[in-house]
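Which chain is which? They are A, B and C, in the order written, and residues in each are numbered from 1.
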Amino acid sequence: MTSQDMRSAPATSAAGAGTSPPGPDGADEREKRRAARRSKWYQRDAKWSPYAFISPFFLFFAAFGLFPLLYTGWASLHRVSLHSPTEMEWVGLHNFTRLLQDEYFWNSLSNTFVIGIISTVPQLLMALGLAHLLNYKLRGSMFFRVAMLTPYATSVAAATLVFAMLYGRDFGMINWGLGLFGIDNIDWEGGSWTSQFAVATIVIWRWTGYNTLIYLAAMQSVPNDLYESAALDGASRWQQFLHVTVPSLRPTILFTVVISTIGSTQLFGEPLLFGGSPSGGASNQYQTLGLYLYEQGWTNFHLGRASAIAWMMFLVLIVIGLVYFLVAKRLQKSH
Amino acid sequence: MHGRTRMARLTPRLSAVTAVVLSATLLAGCADDGGGSSGKDGEVTLSVGVFGVFGYKQAGLYDAYEKLNPHIKIKENSTERNEDYYPALLNRLSANSGLADIQAVEVNNINELATIQAAKFVDMSKADGVDGKDYLPWKWDQAKTEDDKVIGLGTDIGPMGICYRKDLFDKAGLPTDREEVGKLWEGDWAKYVDTGEDYMEDAPKGSSFTDSAAGLYNGALSSHAKKNYDEDGELIYKDSKAVKESWDLAMRAVDGKMTGKLKQFDTSWDQGYANGTFASVICPSWMLGYIKEKAGPKNADQWDVAPAPKPANWGGSFLTVPEASKNKDEAIKLAAWLTAPEQQAKLFEKQASFPSSTKALELPAVKSAKHEYFDNAPIGEIFSDAAKDMPTAILGPKDQIIGEQISNGILSVEQQGKSPDSAWSATTKKIDDVLDE
Amino acid sequence: MAVLTSATPKEEAPGEGDGKRRTRTRGKAGRHLYAGWFTYVVLGFFTVGSLFPLVWTAIAASRDNARLAETPPPFWFGGNLGSNLQAAWTDANMGKALINTVFVAGTVTVSTVLFATLAGFAFAKLRFRGSNILLLLVIGTMMVPPQLSVVPLFMAVAELEWTNQLQAVILPMMASAFGVFFMRQYLINALPTELIEAARVDGAHSLRLVWHVVFPAARPAMAVLGMLTFVLAWNEFFWPMIALTQDNPTVQVALTGLGRGYIPDQSVIMAGSLLGTLPLLIVFAVFGKQIVGGIMQGAVKG
């Protein structure tokens, strides 16, 4: 048994067995046994240590991640009220089928996409441009980098509070500034495009600097000779950016797109605090999926519905994740 | 305790943070503050669960009671907003644990509890020293269950008046004397809107007649007895005369461009006070302090208060004692004491909470009270009169959420220019969805 | 974050090495150009945009309610900063909140980084049954909306009677799927497999391997993950709001207590907002260079 073990684990036993010096039979036996024990230990170690390494994470994950996920899945098949969360009435897929005809659901879904796009696209484009500029030889570059990262340190609550004041209709600074150009006061919160724009700017403000640094880092790892040969070919700065920088950054760009997509699908704090209510405006003009989930669960007390919405969000993200995966594979192949 | 929790949101943004989530929902569901406990030597600690600022502590009432009853210690647990407090209370009730010895309940929720959870509360009408006749009849009845059990004792109420700015009224060619102003709309909310039309004809630049159409809706609706529910507890808001009339009035006001298009308790609403952008606001008694603070010394001598077209109530609370309380007898005594006329009068003096006790309303400290900031308006008289003639409003379990949705509907007409019809149908649709009809 | 993707770098991550390299290469190759005035104008514009909301928070915090309602809005500091900060400090139980938050964010950071490094290493370099499925599970978890787990989490916390205790906030944040994924992506390239094999041949058992090989290799990414986690934990408000109360708050929870008074004071609210952000801002100002360098290094390698 022992010897078999040793043979079947040559890589690990080699060290132990190989170093044992020849000696008296008894000692050799002992040494052999010790080596065997050791190798057994190693084998067990090799086999089980991965599980040991992941177990702390999975222990917490099971308790605080998986359990809630499954529980919510179970709850989504029931009619549950916040009045008495333990009393569940089985309704099958009703909560899901009802979503299909639920205009508020579709409204919040489309709001989520619109806000997602108008926050992600300009944000990443600006980050790309800024990273390009920061990549020049530049005085005070560290100052610029740190300054642009400060919004990242600001909490959603603090950021939204100040933006909501700046966007005030009658006495906000933005309308005051526009007023200098003869533009009438805009009811940012009341309008649908304006409110979505306002919420998007909060997201843009918080994340542009962070993404800039990510891009900058990626840009700095683009090999010099690519630029040099492009310069030799007479490419202008802009052409170099377009034909050297951007293609080299493709994986990074794709990644930031996905992370931003996940973030904007789960968008919650900004729209909630912007108007101060989970309805996301008087006619839900900036209610996102996360907000709708919250309204159903904690204002209307329909926990089953809220759970179903949560699972729909989950599904949307999985689809996005799959798309990302496929595109990434494509990219890898084309390289 | 104050009605500002009504459909209002206190500092919407910040408190939304709080709300963020069942915050309390559950938070309290089993938070640290369990029920009171009995210590050694017969010492009893009573816990009182309230939302917002009830003012008992601030007015020194707990201290006074502890002095009178040396074996009692009182501990108050306060949750900022009723929107957080109430779900938490529901959760504790269904779990039968984590309840305080006394739980405050807002007027918008008292009916729901009296309807579905009556068994969980002590019948306060049978408590020693409590006499239903001491309270305003409509207030007393609001906490009554079908079988005449009374689950809560009235604390304060929120009789409404109209707060107005004399300078703006004057510039628009309207009278400024509070009696004359009151006459303008006496007896009919429609006259208030008529006055608004007059005002707008000659309105000072940059000002509107009233702050918000939803505020007008709320005021007009509150003067009706039958609002969202009928006597049998049926939901009738879609065909309710009160809802229809009040909605139409609000629409007329929007149409006449006489509203400031503001959301009450929003930051811009506050700023409207500071800048005098609207000339009047429908104000329950507890709102006067708010206006004073927000309008500030800059606008002193401008504000006054006149009677509302019809008596109506906005806000107010009850004290209940859950059956699960570990110190039921002592808790009942304390609740009765806190809501007794003398204490209500004291609370009015210190915290401007308007008494719900008829006896307290007769006390000189209340009856002859004046408010300095509002040009020494006789608020005691104005609000007492309103309190006495108030209709016994029929409440229902979902009044609050219906009110919120209708406010949103009105706001969508006011701010976004939706047509009243489409706003109404969108609103009813949303309410149906929320109520799961 | 970009760890996951960035193509294998063809050269060392530069950090601030631009200048030196410039001497080597002549010509107009991209990054070696000196910035023109236009660059400074654009960067200046965005710097102002990044800083302005924060500066204005401070301005608003130094004024009073009445001034905040006037037009034009204030552009410079007023005299009430001290009193507003003091009001916010006492109202919001800020002293305790700061201590609590440092403790929470610190604990969460240390354990997240540790757990994520261990698990990330296992997923990156060790072969074991079920690893693919488990990894997929981890990735899937990142997509779960956080709002979803609140109800069951709360019930669990309630069952354990942890409400209003810090562990109720700390424990759920310790399992960071993003962290595991982050470390895995980093270690896949940053930790050569031969190194592990060599250590094994030398007879190192797994714990020693982790201590002497994995941790040193993972250090840059650990630092980045640590910073990301700390900022995240500091600013987390959704779950703490449910689990804690004003008696034992974190900073974000404490801030929400500011509206509690009878009449909310906007300038005090802004002061509180400033108090909650200031510690992180100071850290950024002092260690900005390291943080920026860290994020970039973590991003490039891999």
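In this section, contacts are C-beta pairs under 8 Å (C-beta built on N, C-alpha and C of every residue); 3 or more make two chains touch, one makes a residue touch a chain.
All values derive from a computational prediction rather than experimental measurement.
S.K.: What topology does the chain contact graph adopt: line, ring, star, complete, or other?
M.R.: The chain contacts form a complete graph, every chain touching every other.
S.K.: Can you identify which chains form the pair with the largest number of contacting C-beta pairs?
M.R.: Maximum number of inter-chain contact pairs occurs for A-C.
S.K.: Rounded to the nearest whole Å, what is the centre-to-centre distance of subunit A and subunit B, using the mean of the C-alpha atoms as each centre?
M.R.: Computed from C-alpha means, the inter-chain centre distance equals 43 Å.
S.K.: Using the average of all C-alpha atoms in each chain as its centre, how far is it in Å between subunit A and subunit C?
M.R.: Taking the average C-alpha coordinate of subunit A and of subunit C, the gap between them is 13 Å.
S.K.: Hunt down the residues of subunit A that sit against at least two other chains at once, touch-wise.
M.R.: 85, 157, 161, 165, 171, 269, 294
S.K.: Which residues of subunit B are in contact with two or more other chains?
M.R.: Counting only residues that touch two or more other chains, subunit B contributes 11, 14-15, 17, 20-22, 25, 267, 271, 275.
S.K.: For subunit C, what residues touch not just one other chain but two or more?
M.R.: Subunit C, residues with two or more chain partners: 68-70, 150-151, 155, 237-238, 252, 255-256, 266, 269.
S.K.: Provide the residue numbers of subunit B that touch subunit A in the complex, in ascending order.
M.R.: It is residues 9, 11-17, 19-22, 25, 83, 87, 90-91, 94, 261, 266-268, 271-272, 275, 277, 401, 404, 408-409, 411-412, 415-416, 418, 423, 426, 429-430, 433-434, 436 of subunit B that touch subunit A.
S.K.: Which positions of subunit C touch subunit A when the two form their complex?
M.R.: Residue list for subunit C touching subunit A: 1-2, 4-7, 9-11, 13-14, 16, 18-19, 21-22, 25, 27-35, 39-40, 42-43, 46-47, 49-51, 53-54, 56-57, 60, 68-73, 114-116, 118-119, 121-123, 126-128, 131, 134, 137-153, 155-156, 171-172, 174-175, 177, 180, 200-203, 205-206, 210, 231, 234-235, 237-238, 252, 255-256, 266, 269-270, 273-274, 276-277, 280-281, 283-285, 288-289, 291-292, 295-297, 299-300.
S.K.: Which bits of subunit A are touching subunit C when the two form their complex?
M.R.: For this pair, the touching residues of subunit A are 11-12, 14-16, 41-42, 45-47, 49-54, 56-58, 60-61, 63-69, 71-72, 75, 85, 126, 129-130, 133-139, 141-159, 161-163, 165-166, 171-173, 176, 205, 208-210, 213-214, 216-224, 227-228, 230-232, 237, 240-241, 244-245, 248, 251-252, 254-256, 259, 262, 265-266, 268-269, 289-290, 293-294, 297, 303, 306-307, 310-311, 313-314, 317-318, 321, 328.
S.K.: Can you check the complex and tell me which residues of subunit C touch subunit B?
M.R.: Residue list for subunit C touching subunit B: 65-66, 68-70, 150-151, 154-155, 158, 161, 163-164, 237-239, 241-245, 247, 252, 255-264, 266, 269.
S.K.: Report the residues of subunit B in contact with subunit C in the complex, numbered from low to high.
M.R.: Of all residues in subunit B, those touching subunit C are 10-11, 14-15, 17-18, 20-23, 25-27, 29-32, 53, 78, 80, 267, 270-271, 273-275, 289-290, 293-294, 296, 298.
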